[in-house]
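Heads up, the next two complexes both have chain A, just with different partners, chain B and then chain C.
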Partner chain A sequence: MKPASLSYARPATLSDAVNNLQSLADQCRVIAGGQSLGPMLNLRLAQPKHLVDISQLTDLRGASVEDGILAIGACVTHAEIEDRKIPDVTLGLMPFVARGIAYRAVRNRGTIGGSLAHADPAADWLTTTIAMDASLRLVGPAGSREIKVADFVTAAMETAIEDGEVIVQVLVPCFSPKAAWGHAKYAKKLGDFAQSMCVAVVDPGRKVARVVLGRRSELPSLLRGVSELVASKGYDTTSETLRSAIDEDLKAAQADRGDQTMHRAIVERAIRDLAA
Partner chain B sequence: MKTLNIRINGQAVSQAVDDRLSLADFVRDQCLLTGTHIGCEHGVCGACTLLMDGKPIRSCITLAVAADGAEIRTVEGYQGDDLMVAIRKAFNLRHALQCGFCTSGMLATAYDVLSRIPDLDRDRIRAELGGNLCRCTGYLPIIQAIEDVHAQRSASAKPKAS
Partner chain C sequence: MMHAAFVRSPHAHARILSVRKPRDFAAQVYAAEDLTGVARMRSTAKLPGFKPSDWPILAAGKVRHAGEPIAMAIGSTPAEAEDIAGLVEVDFEALRPVVTMADALKKTPPFVHDDWGDNILVDIKLEGGDLAGAKANAVHIVERTFRMNRMHPLALEGRACLAHYDSRLDELVVHVAHQLPVPLQIGLSQVLGISQRRLRVIVPDVGASFGLKTYVESETVAVAWAAMKLRRPVRWIQDRYESLVCDANCRDYQCKIIGYADANGRVLGLECDVVVDSGAYSPWPWPAGIEGGLALGNIQGCYDIRALRGRAINVVSNKPAGQPFRGVARPLSCIGHEIVMDGIAEMAGIDPVEVRLRNFVQPEQMPYVSITKKTLDSGDYAAALKRAAELIDLPAVRARQKTHEPDGRLIGVGFASFYEQTAYGTGPFGYSAWGIELVPGMEPAIARLTGDGELILEVGSHSHGQGHETVFAQVAHEVLGIDPRKVAVRFGDTSSSPAGTGTYTSRSMVTTGGAIAEACRLLTKPLAVVGAHLLQCNESDVQIRDGRVHGPQGSVEFSEIGRAWYHHPEDLPANMDATGLTATAGHKAHDPGVFAYSAHAAVVAVDPEIGSVEVLDYAIVADCGTRVNPLLVEGQIIGGFSNGLGNALYEENTYDEFGQPTATTLADYTVPTAASMPDVKLDFMETPSPFSMFGIKGVGENGAIGPPASIMNAVNDALRPLGAAVFETPVSARRVRDAIARARAAGGS
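Then we have the complex of A and B:
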């Protein structure tokens, strides 16, 4: 028995969960799949007095498409996304990313909402959802609100979530048929967190171009100059303009100077993957 | 304490447990099913992998109370299962274990990989085994054992020439 003493509740409804969270306030943590919180409990890095398990709430389990937006229940697992148990509106990007997360035994329990709430900067969904310009729907004591993932995460492992709030949906804009995506990730071991990763989404049908770099200790960065260039000038990574744009954007993103070469290689690979 | 109602290897178990007890500790210390091994206790090594509702999970980072109502299958729970019989035979023939500490987790993963993925090749097997560490480093025989079983199953699935 490794976690510090705690009490566990599995409320039957979302409003029960919100009430539970509100009354227990800062002594309490939400648990879904527990694939990030579980290790932290065992290592006693987290010592909440109470856990509220939302993983069985049916409201948080499915997914549906409406008005060009896929609303994914926060407790949909990585394995369900990998297996396309929910609709894919991203031309294969989300199932591809899901398969690269940790290991199948982790993906069977870990959830997309839990991963985003945990806000580990090196986690796959954070970089990917920011590249897709996804939003979250939160429900709390004050009602429901929507927030862009990019605004939701405020620092490494820090978010704008309020006391008593629960992420209920991840909202992903549907890609147009003309969209292209590129992905590159470097980890020391298969299934490990990325040392560096880049997700690029270019969708002329929606006038969207977002190239986002993820790394271990800093929040993902939208590479603005690179995004504009790939939208207007294409994916030639040998072009001097693109190469210097990557350098400029990495500087603006305050990428650790000791890792600049790795980040540049990963960004170039993701851009080449756009063309593939 | 909470009352946990769970099925383990086909048997219903009802037992009061501490809220913070892991599923791995419950299986080992209450059910005395010590074939499930505990290695790193933070979800990295894969030794504690078992099937929950038919899917492999890490039992060291799953609370026992979170498994309430679930069906658990440990390495002790495969009597008469044709696929597991074939996997064990292949592990035996390939000598796919040395100290055996990782083996129950390897078997659970192999069982899942072979039953879930129809188009297995060596690269995919290696990737799927990425979450199970063998500190004896005997990976190659384990991969070969899974390849053997996959080849047998593919051969027997093909319709016989008339």
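Then we have the complex of A and C:
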């Protein structure tokens, strides 16, 4: 239960961090809150030669709103979001989701950027940011780039991050006052990863409607048919059209047969929550 | 101090072809052949046909479960030890593993133990009464097959040991987290081949155990051996992965039960076929076969059932050893008799409470010897169940069931009545009848008055969180009237504590409590002699109460008596026994044990879409005879309930088809937390046992036995309108969904 031998650096600036990462290449891992990487190191499931600790980089803390986009520093913790220490532009969705992540001790250290970089499909932020159509700003040796979260995660625990790149910001479009969100989640117990979760965002002001299903081991699925229907026809889950759209989308998402009733219930509940 | 880390098998079943030590660290790695003088552990039983196995400290020739230790690496830090362990290369020839019970029962290779010729550890049969008559007269026949999956005993604190060799005293000192200091001393001495005189086991505070820390585990033996070999202190602290993957496990039963009842729902007979997956080895001193014996030996529960045919096959598999865990097999027996009761209630159209009332052993029948030779000593099972039904307001729950819940969930109610045989050992169909290595017997206590009139109690049973320090002092108070704050309770060092068998089988309060009372009573003699002398009266005229010796005129404090003995023996009376103010006594509990009992009532809400189960209300009415410390009794029951809740709804050691564990961290092995716990309603009845001192009965396993049965019954009560039922623990959301899907496919609603 002790990590294998490794070097540790805590650079003072973002450019130092990028330089560090670039020179150490694939032998290196970035650590922020360490809530996933820490146990993996101790279990020796991850054995990087070098750790670059970005948790003290001031550029990656705090958040600001500009041009209708909230830019959240990658090292903002779940607890800071929960406690509204940063602006909320999601009509309460992000603080609500943050409050349901693991336990407070984890939320005190775990960061939103770290969670997305880890790309555990069951993580609350992955499903939520995809539903919000959020993007990431990455900084690397080649400069800065933006990428949708949905494109950033390529498979369970795999991302499109390049050598030397660091997630610096999570970019969340501001909800319009007419927006509604819905959420439903089933975990075996409080604080556990979700077996099934659904986040729905409908924002007529921005012409956005996204209903996203999150699961334990597959990447979140945007339920396209359902998303279109809730935008055009509303939130009546007793409607046959909507019910069959859910079935179609679950089939497209290749949901395990034994989990179908659970996922359908979670999606329906999230849609009903839109109306609440 | 040096640190140990273990090289563990990645295979469930494989031949070890070679172990290659890293060249630079060869002297810091030890494999099986290096452990000179170390014997294998062999845990035996005299059950007919029982097959003992040799449990090697480090695997030799073959590995029999994933995680089995193969080599030990020693480093100057824990990380260095792990580094070195990581450099050891082992070549394997993978063998087909025995994973499922069906595999194990086939009687064809692969065999876990090559020389056995099958995978059957022991096959126990039990018969009594006129089963043919019961069958012939049966109007209602209920047949159920249920499964309790493998669990981990999971104490918050894992295992740990630190051994060093004391050259001055020529003894090996082992500090270790354990429940049984003296049995561990005996076991280590046998395996290490050194006399017990030279082996000192020190057990400090232990952060829970539940049965986990009761056997001689390989790592402790290896670390103790290394401390002797290296003449350096060696430490090993288990991590959670090692605990979940490598520790002995518990439960893992399958059972088919048939109940035969007459038209009134009176159960005339039972048939019960149990299979226990005992894992690869038998822990010392608990050969795995006792689980099957206990399952059958309590299968009739609190009910007056006079015919039985039972069979329990214990099989071995390529999984960690099976071991006793809080409740040991009784949760199986409890599900067995309680699902039969609910089944008969349904068939006969009788309320589940009523069907139990018709079948209970009645107070006037006690002491009542069951068909399995259990002497149910005292109590009123019917009163406990009625009270539990009141506490959950059964009529209100039944009324609520008829209404539609706004959230679509289904409400169910379930009961479990059972007894808990406590503090037994040498009685019929108990430990001695199984002929295991170590049978619990008498317990000693030493009571020593100090020079300032306070008391030190030294006892043989250990506490791993039960509050012995508090409750044993109360026993001294009961006899001597001494303020419990002036009583120190000491245990856990085989060099200084009197030798007892340890804490298990809910025995400490009955046996050690009895021994403390006996020792304190013996102590009253010198107290009276000295007290009378100081008071200038006859010994027959003094009384001991309130921590003083009272004479016809005046009284003296214990401190004055202590002062006389310790400081001024010249002032003591001529007839003073030279033994002085130290009294040693022991206590033997009633052979068949004393029988606590309980009624549990569960109200659950089942989400039929997700399959999740929420316990809305839970009541426990318990009778453990005289409650010495009600707060500790409550703690025992609530804590036990959390184990039972985990068993019922959450906890499962899962394995894939290759015998690889798939719940290797607490992210996958789901344990209930504080947030999972309902606010359990507790009530007590207090029927003193006629067979124990002060009428005390044990209470350690009570809370853990009932919940799998009561919650399973409640879930199935909720699912009844859908025609679905789940007979498998944990009753997971997936199992509930699958049961509903099966019922729908079969044409249910």
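Note that in this section the second predicted complex is superposed on the first by the 275 of 276 C-alpha atoms of A that agree within 3 Å, B and C clash if a C-alpha of one lies under 4 Å from a C-alpha of the other, contacts with A are read in each partner's own complex, and residues count from 1 in each chain.
What we mean here is this: a residue touches a chain if its C-beta (ideal position, glycine included) is under 8 Å from a C-beta of that chain, and two chains touch if they have at least 3 such contacts.
Quick caveat, the model's predicted, so the values are computed rather than measured.
In the superposed model, A:P39 lies in contact with both chain B and chain C.
In the superposition on chain A, A:A4 contacts both chain B and chain C.
Look at A:G191: by the touch rule set out above, it reaches both chain B and chain C.
Contact with neither chain B nor chain C is seen for A:A276 once the two complexes are overlaid on the shared chain. Using the contact criterion defined above for the overlaid structures, shared-chain residue A:A265 touches chain C, although it does not reach chain B.
Looking at chain A, you'll find residues 1-5, 39, 42-43, 189-191 touch chain B in one structure and chain C in the other.
Remark: chain A residues 1-5, 39, 42-44, 186, 188-193, 195-196, 258-259, 261-262, 264-266 touch chain C in the complex.
Those residues of chain A lying in contact with chain B across their complex are 1-8, 10, 31, 34-35, 38-39, 41-43, 51, 53, 55, 79, 102-106, 108-109, 189-191. On the chain C side of its complex with chain A, the touching residues are 77-79, 82-83, 86, 237, 239-241, 607, 609-612, 650, 665, 667, 670, 672-673, 675-676, 732-734, 737-738, 740-741. If you check the complex, the residues on chain B that touch chain A are 2, 18-22, 25, 41-44, 46, 49, 52, 55-58, 60-63, 65-66, 68, 109, 112-113, 127-128, 130-132.
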